[in-house]
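Every chain is named by a letter (A, B, C, D, E, F, G and H) in the order it is written, and numbering of its residues begins at 1.
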Amino acid sequence: MRMNLDDILKQVASGALAPAEAAASIAGSAEASLGFARIDLDRHRRCGVPEVIFCPGKSVEQIIAILRRMTDAGHNVLASRISPEQARTVREALPAAVHHEAARCLTLDVAPLPEPKGLVAVVTAGTSDIPVAEEAALTASRMGARVERIFDVGVAGLHRLMKHLDVLRTSRAIVVVAGMEGALPSVVGGLVDRPLIAVPTSVGYGVNLGGLTTLMAMLNSCVPGISVVNIDNGFGAGVAAAMINRAGDKP
Amino acid sequence: MRMNLDDILKQVASGALAPAEAAASIAGSAEASLGFARIDLDRHRRCGVPEVIFCPGKSVEQIIAILRRMTDAGHNVLASRISPEQARTVREALPAAVHHEAARCLTLDVAPLPEPKGLVAVVTAGTSDIPVAEEAALTASRMGARVERIFDVGVAGLHRLMKHLDVLRTSRAIVVVAGMEGALPSVVGGLVDRPLIAVPTSVGYGVNLGGLTTLMAMLNSCVPGISVVNIDNGFGAGVAAAMINRAGDKP
Amino acid sequence: MRMNLDDILKQVASGALAPAEAAASIAGSAEASLGFARIDLDRHRRCGVPEVIFCPGKSVEQIIAILRRMTDAGHNVLASRISPEQARTVREALPAAVHHEAARCLTLDVAPLPEPKGLVAVVTAGTSDIPVAEEAALTASRMGARVERIFDVGVAGLHRLMKHLDVLRTSRAIVVVAGMEGALPSVVGGLVDRPLIAVPTSVGYGVNLGGLTTLMAMLNSCVPGISVVNIDNGFGAGVAAAMINRAGDKP
Amino acid sequence: MRMNLDDILKQVASGALAPAEAAASIAGSAEASLGFARIDLDRHRRCGVPEVIFCPGKSVEQIIAILRRMTDAGHNVLASRISPEQARTVREALPAAVHHEAARCLTLDVAPLPEPKGLVAVVTAGTSDIPVAEEAALTASRMGARVERIFDVGVAGLHRLMKHLDVLRTSRAIVVVAGMEGALPSVVGGLVDRPLIAVPTSVGYGVNLGGLTTLMAMLNSCVPGISVVNIDNGFGAGVAAAMINRAGDKP
Amino acid sequence: MRMNLDDILKQVASGALAPAEAAASIAGSAEASLGFARIDLDRHRRCGVPEVIFCPGKSVEQIIAILRRMTDAGHNVLASRISPEQARTVREALPAAVHHEAARCLTLDVAPLPEPKGLVAVVTAGTSDIPVAEEAALTASRMGARVERIFDVGVAGLHRLMKHLDVLRTSRAIVVVAGMEGALPSVVGGLVDRPLIAVPTSVGYGVNLGGLTTLMAMLNSCVPGISVVNIDNGFGAGVAAAMINRAGDKP
Amino acid sequence: MRMNLDDILKQVASGALAPAEAAASIAGSAEASLGFARIDLDRHRRCGVPEVIFCPGKSVEQIIAILRRMTDAGHNVLASRISPEQARTVREALPAAVHHEAARCLTLDVAPLPEPKGLVAVVTAGTSDIPVAEEAALTASRMGARVERIFDVGVAGLHRLMKHLDVLRTSRAIVVVAGMEGALPSVVGGLVDRPLIAVPTSVGYGVNLGGLTTLMAMLNSCVPGISVVNIDNGFGAGVAAAMINRAGDKP
Amino acid sequence: MRMNLDDILKQVASGALAPAEAAASIAGSAEASLGFARIDLDRHRRCGVPEVIFCPGKSVEQIIAILRRMTDAGHNVLASRISPEQARTVREALPAAVHHEAARCLTLDVAPLPEPKGLVAVVTAGTSDIPVAEEAALTASRMGARVERIFDVGVAGLHRLMKHLDVLRTSRAIVVVAGMEGALPSVVGGLVDRPLIAVPTSVGYGVNLGGLTTLMAMLNSCVPGISVVNIDNGFGAGVAAAMINRAGDKP
Amino acid sequence: MRMNLDDILKQVASGALAPAEAAASIAGSAEASLGFARIDLDRHRRCGVPEVIFCPGKSVEQIIAILRRMTDAGHNVLASRISPEQARTVREALPAAVHHEAARCLTLDVAPLPEPKGLVAVVTAGTSDIPVAEEAALTASRMGARVERIFDVGVAGLHRLMKHLDVLRTSRAIVVVAGMEGALPSVVGGLVDRPLIAVPTSVGYGVNLGGLTTLMAMLNSCVPGISVVNIDNGFGAGVAAAMINRAGDKP
């Protein structure tokens, strides 16, 4: 069993532990004793960052094994980019798992999720961007954010976006998901002054280069204050938005 | 002196020219005899496409020499991307030349320009895009288009664009010049149904890659019907727009 | 039911609508009330731009569902890049749909198409470029353009192109489709003075980079006035050409 | 003088404005009447986002002119990437301007700046990253954030970072500025659970590709929740961090 | 039936053809009358350049149809990059076709091939480069070159190359096929003074980028006089080598 | 049978070989006579560099044939990147072959392997990097290195790495395998002063570009003394580490 | 003084040289004794390949020193990409040197040049490509080729090219120099069946990428038998063409 | 003053330090107490890794200041990529500094350098690669390696390399510096079985892309065991080679 640094030092002070043994313990099992070493486990439990399994390239057996190991350790788990076939097989083995089809995710929870607070808006340019957006929304939601979805409001029909200005303006963070030319974050960022995470998607063809053009365009936005995550990285955007959302609850 | 095909054949028919000589003449001086061979000269005179000199990398002596040779041949000439210093020296040698500072161009005309007709709108996202836009406007204007300028209406403040919808909707062609994320063509293209030429500019830094990102974003526009020219290619966009503009005058 | 801005204001003037309600209506349902908000629907009906479904990555069920929803709304629809298998299944469900094999498209029409007018020439360098060219031709045709096809006239045998100069010179717009080194648009553009849309195709291998080289070569054309669309984007080129073609019918 | 939408509608209701005139007014001067049209000006005044001038490529005359126009309009202004020579000349013309050498910025204020609140940590990997970091710090500070600088704590000597964990853990947002392999954001992100904005710098050579490698590496971070801005974009990172920082003050 | 230019002119001279008709004939059926128009057909017959079908992406039905059409026109045909399955089916339909497995080619000849003359050496760095080399060898051979194969003599064991210096030095042209770092052409080019065509192959992985690195390395060879063809383009290299080889037979 | 240079010269001196024949022999069979020509075979036997077969793209028949030829020549062989199916079939034909599943390798030995000496540490950032790491470990081990594996100690949880500092500090060479942002080599290199070979893996997505970003980031490491091999090149890293490891045994 | 292999062996046979000494001599001074070792010097003298100095980045002192060393060794030398200033200073020091301004080259000859034979055509698309073409022409000429220049016959005015078909068809090799879209080699290659070396130039801007697009387009030519050299590499193209040209003089 | 972990624990055991204070001390001043925290300073002193200043972009004042600070701390310092002008000014301020012109470095030593041991060979392909090679040689030498230089032995004249096989075979590590196609490391690696560090240089033009092609070619070497550093990174290669060289002195 692991001891933290305070415990080790108290034992040294009490004579229960020799200095040399303590030094070995601190150096040898850094994970237990050093200040930063316990962040990893603590952080997950305290913050509700969902443990995540990136499914592409993994066998169903591997996914099930990891799910079991993590839930045994008391963590709620999110498996992202899971295929319908993978999800079906996992749920046969682990019936408590939930398949979120639209988000291409599966979750398995062994602890209560946090109460939804604040507000994160998740916006998409087109319908093809929705799976990535749902992944972001699911992630942020599991990390304690109330989430509003505003889908299919791309720049080819901006009036659709205008109807949702109120939601955008009262959000603590906005996730904008877009493919192709990636113009929507600039348009939204020009309308509201909230932290905005742009997510490029691999929706497009030809010189889209699998989302690379979208990504680079977003990084060149003429609107300051927009930051960007990797192509199709709905999970990362959801975590970032949820972290920002929590800032509203802290001193 | 050159003869055209009809003349050669008539001479053959009249016996003035032996078949073998005619064959040699047709094969050997294609420029004179073949149908397509004379297009080149005819086209410039008939269409008013301005002869163009791309100045970067040329000495002032070279620019003056080309200007002289072309105007001697009866052509109006446009020198693009000319520096203020180059322009000053050219104008000392050729006082009839006109320096268009905002467009970074110099023109020297020996024939009347066509009357302005139709309407081409030239739009920019920012103020840094104006030199490229002015080059496009000057070019289209010299090719007979009436031109309206709508500058600095980028996506970070879309309301500025809205005031100009009437002009956009009555244009025969629209040139949209933008740097950075290159979103403006998509926004304009989503509002009007006119042929739209997008011009990426090298305005930006970092992952803008000298305009490459802007160019690729424009090519990925979610709005169909937008076509794109090379980075900073105001001249090409002006020619394309003027050609479309003339379509309105033809059967 | 939606009201336009004029109607709202008249009701305010007549007292039928309170100012506050009107303001809410204008701000809250932008799609209905703002000038630009209704463009989207109007544009499609008025201009005959075909609603388009990009089929790759969509299930047949999704394609059928979208076709139904759009045609129920009164729109003619074009499904692009449809596979033969997808097309067969769609036509079993929607027998009125037409499969255009050469263009890899399927159409479903519920309203009359516009009468063909003007002239758009669609040119290809090789036979492998034909599917993209047919997509462009079908699109332009459905938007009211008379279309002439000039296929397989690449630069390795230029004489084949020469026979078609008359058609090229009387076209209001020319679409040139080519893969590999993408030289054909420059050659055509050097022969005629009509607006020219170049479409790079992904035909090639090795350093062709899936059409990227072709695209970049076209953007570097030494002939001014050529504009370019995304790789394999026959639909976009068809829309652009048809918009230019219509310019000949407008004041 | 501009009226807002409510005022227009009240005048219509009162008969002071005819419906047709009102419609024209709403459509024609969108900037004044539409809800979103006035955001632009309001936003700057309300949020304290500093108006910014990107100096590279501008003449000193242009910089001075823009500074004058903006401050006349009541805005505080930040000129970024200003050279020492430019700054000196500007300050001769505008003695109230302040040159922030380390940040390569100049500011000219005509209104009080907001009180510093919350906490933004600005971290750099090396000393060469400091100018970008100072630009971020200055920007965030001017937008109302209290800022702590933690410089030169790169991964080649991680112990230097460890001393600052307390500051990092109590920050509302963290800006991490790094060049070369861009590893520092991942290391910091693995230690704390705060929103983290990564700023790649163009510090490096060879296959660094002017910061492109750094940028791409940061976007691939194995730590979720990190978002990224353009290369050397200290201003954008500062705005993003300040917006997040303000979230702690809002309901 | 087509007439050549001489015939047309003679008929004009004899009065059998009116000048106007002759002009129309020359302009309208360029393929028949213009000098360059008949090169295409003549060249193939005279030079023995094999007509080529690039099989990837073509159905067996298409391949068979093209083979039939070309052989009916009297051409020998080479089908490159044919799969074993495609080849088997083609040979069932066209038993006279020959499958060259090592070269991944199929040939169908209806005319005698030229006698082998001169000497072309085809060299590979590794065994994986052999299919491309065999395609080059087969092509050059069918165009009349005597061919020597020197395979698997890469730079990791240069002594293997040294044994073949005599063949290399008596070749009229050398084709060097290599993947990975593409160093072999430089080594061979440093040993002999014969025209050398380098063919990069897509053999490699990771940062090989599908042969792009190999190609670029070859273009940077420190040995002057090496020229390069597209990745895996054995056919093109074979044609180039055979053309050079023929130079030894011409005045 | 081959003679070496000394033998040839002695025979010349003894009159057993005419000078002309000797010259021909030296020039013609370089492999036998030149100093460097015999390195190839000698090197493998002396150094124990495993002969390697890169399996992707090879048929099982080819793999078996090469294994037989090499082992007949007395070499131990390592087949890398072998699939489970390929391995199973190979082992049916060659039951003495050993399948190393974790390393995706198969080995067939006909000579004793060297005794393990020295120490090579093989480190991975994540679990997905393990196959590449196992390939490196297996390779180094077969070349005579004692190997320690330190897996899954990436920068998102650095405390896990700290526990292994002792092993790292006593290694003669360290192989660090990482994907995504590739930060681990910099962190390890900052902690110890041993030769470090970094291996980028293709683990990642989006702007990871198949490992290219990871590779470039590693090449930009701020820690001097790190060198890099191709993406996923565990074999190359293993050879490099083993060569360094042997340096500890030489004068 | 160096001996060749034959001499060494004869001395061994005669007893004048001990076998051990001979072995040392062969191994230790490979440059003198091995067959391939003397190629380097022999090749230059025999073939007339001009020794070349690439001037960019070299000081005038360095250029003069290398010129002196090479001419002292009896070589004719060509200095490429020399600036007018460099050339002037060199000629002050070495008055026998000749400055070829159009080719940006300087030559210094101490031996007679070969007689011009055969025919190499050097073609350019535009006037900006001429310096590279002149470098190729000068190089080929110095290696014994008769050279014809055909300049400024780009695809925007193909009729200019047609006049020169006779020269092209009687050339032993053709060098085609072009920038921008690089289409001219394909057009020329479609008209004649002679070996064709394409030289991309860095003439262009924007997405030309310093000639990279031109290069890649040329490598994708639809005309088989075209091979390509590095961007602006007139020297390399001249060497390649001259080597091909000499093939016509050999058995 | 800093205490190490052992000291802290002993004081806790002796009652001289309360557990809480000790915990704070360990967490708060990681640099002093944690094992890895003191590595940084120790490493430099113990290993003789030269402290390095990368001069490009630094002012002479900055270089002098850093030199003073580092030497005051007792470190020997190497300033790399220093220009002759910078070096001259530095030496006026710090006359003890030594300018190594060929290596473009300046050194300032305040402690004795280690005795040269072992052997590192530094090889270049051409003369332009020498500055990078000298930087590597100087670095390795200052870290205690005996260094042999083998310059200008590129693949275009391999016989020059052969003379140096003995040195290569007795080196503990080999640094191979090359530009252009980067073939030399493969050739050297095929001849000897020593650890080989390849250094790409930015020598080349056109598609060399500033050394990127060279770098990628080296990473694709067909010879296993070669590892690569960043473009022009002579310093890094020198450190790596010296670390390997020291392995021969350790148990």
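Keep in mind that, in the parts below, a contact is a pair of C-beta atoms (placed from the backbone, for glycine too) under 8 Å apart; a residue touches a chain by one contact, two chains touch by 3 or more.
Fair warning: this is a prediction, and the values are worked out from it, not measured in the lab.
Participant: Which chains sit in contact with both members of the pair subunit E and subunit F?
Facilitator: Shared contacts of subunit E and subunit F: G, H.
Participant: Starting from the mean Cα coordinates of subunit C and subunit G, work out the distance between those two points in Å.
Facilitator: Here subunit C and subunit G have centroids separated by 49 Å.
Participant: As a quick test, compute the distance in whole Å between the mean CA positions of subunit F and subunit G.
Facilitator: 40
Participant: Rounded to the nearest whole Å, what is the centre-to-centre distance of subunit F and subunit H, using the mean of the C-alpha atoms as each centre?
Facilitator: Computed from C-alpha means, the inter-chain centre distance equals 25 Å.
Participant: If you average the Cα atoms of subunit C and of subunit F to get two centres, how far apart are those centres in Å?
Facilitator: Roughly 54 Å, centre to centre.
Participant: Could you list the positions in subunit H whose residues touch two or more of the other chains?
Facilitator: 27, 34-36, 39-40, 156-158, 162, 190-191, 206-209, 215, 219-220, 230 - these are the residues of subunit H that touch more than one other chain.
Participant: Which chain pairs here would you call touching?
Facilitator: A-B, A-C, A-D, A-F, A-H, B-C, B-D, B-E, B-G, C-D, C-E, C-G, D-F, D-H, E-F, E-G, E-H, F-G, F-H, G-H
Participant: Going by the contact rule at the top, pick out the subunit B residues touching subunit G in the complex.
Facilitator: Contact set of subunit B toward subunit G: 27-31, 34, 36-40, 56-57, 200, 202, 210-212, 215, 230-233.
Participant: Give the list of subunit D residues in touch with subunit A in this complex.
Facilitator: Touching subunit A: residues 35-36, 39-40, 43, 46-47, 49, 52, 162, 165, 172-173, 190-195, 197, 215, 219-220, 224-230, 235-237, 239-240, 243-245, 247-248, 250-251 of subunit D.
Participant: Could you list, by residue number, the parts of subunit C that touch subunit G in their complex?
Facilitator: 125-126, 154-158, 180-183, 186-187, 189-191, 204, 206-209, 213-214, 216-223
Participant: Which part of subunit H faces subunit A closely enough to touch in the complex?
Facilitator: 5-6, 9-10, 12-13, 15, 18-20, 22-23, 26-27, 34-35
Participant: Inside the complex, what are the residues of subunit B that reach subunit D?
Facilitator: So the residues of subunit B in touch with subunit D come to 128, 156-160, 162-163, 165-166, 205-209.
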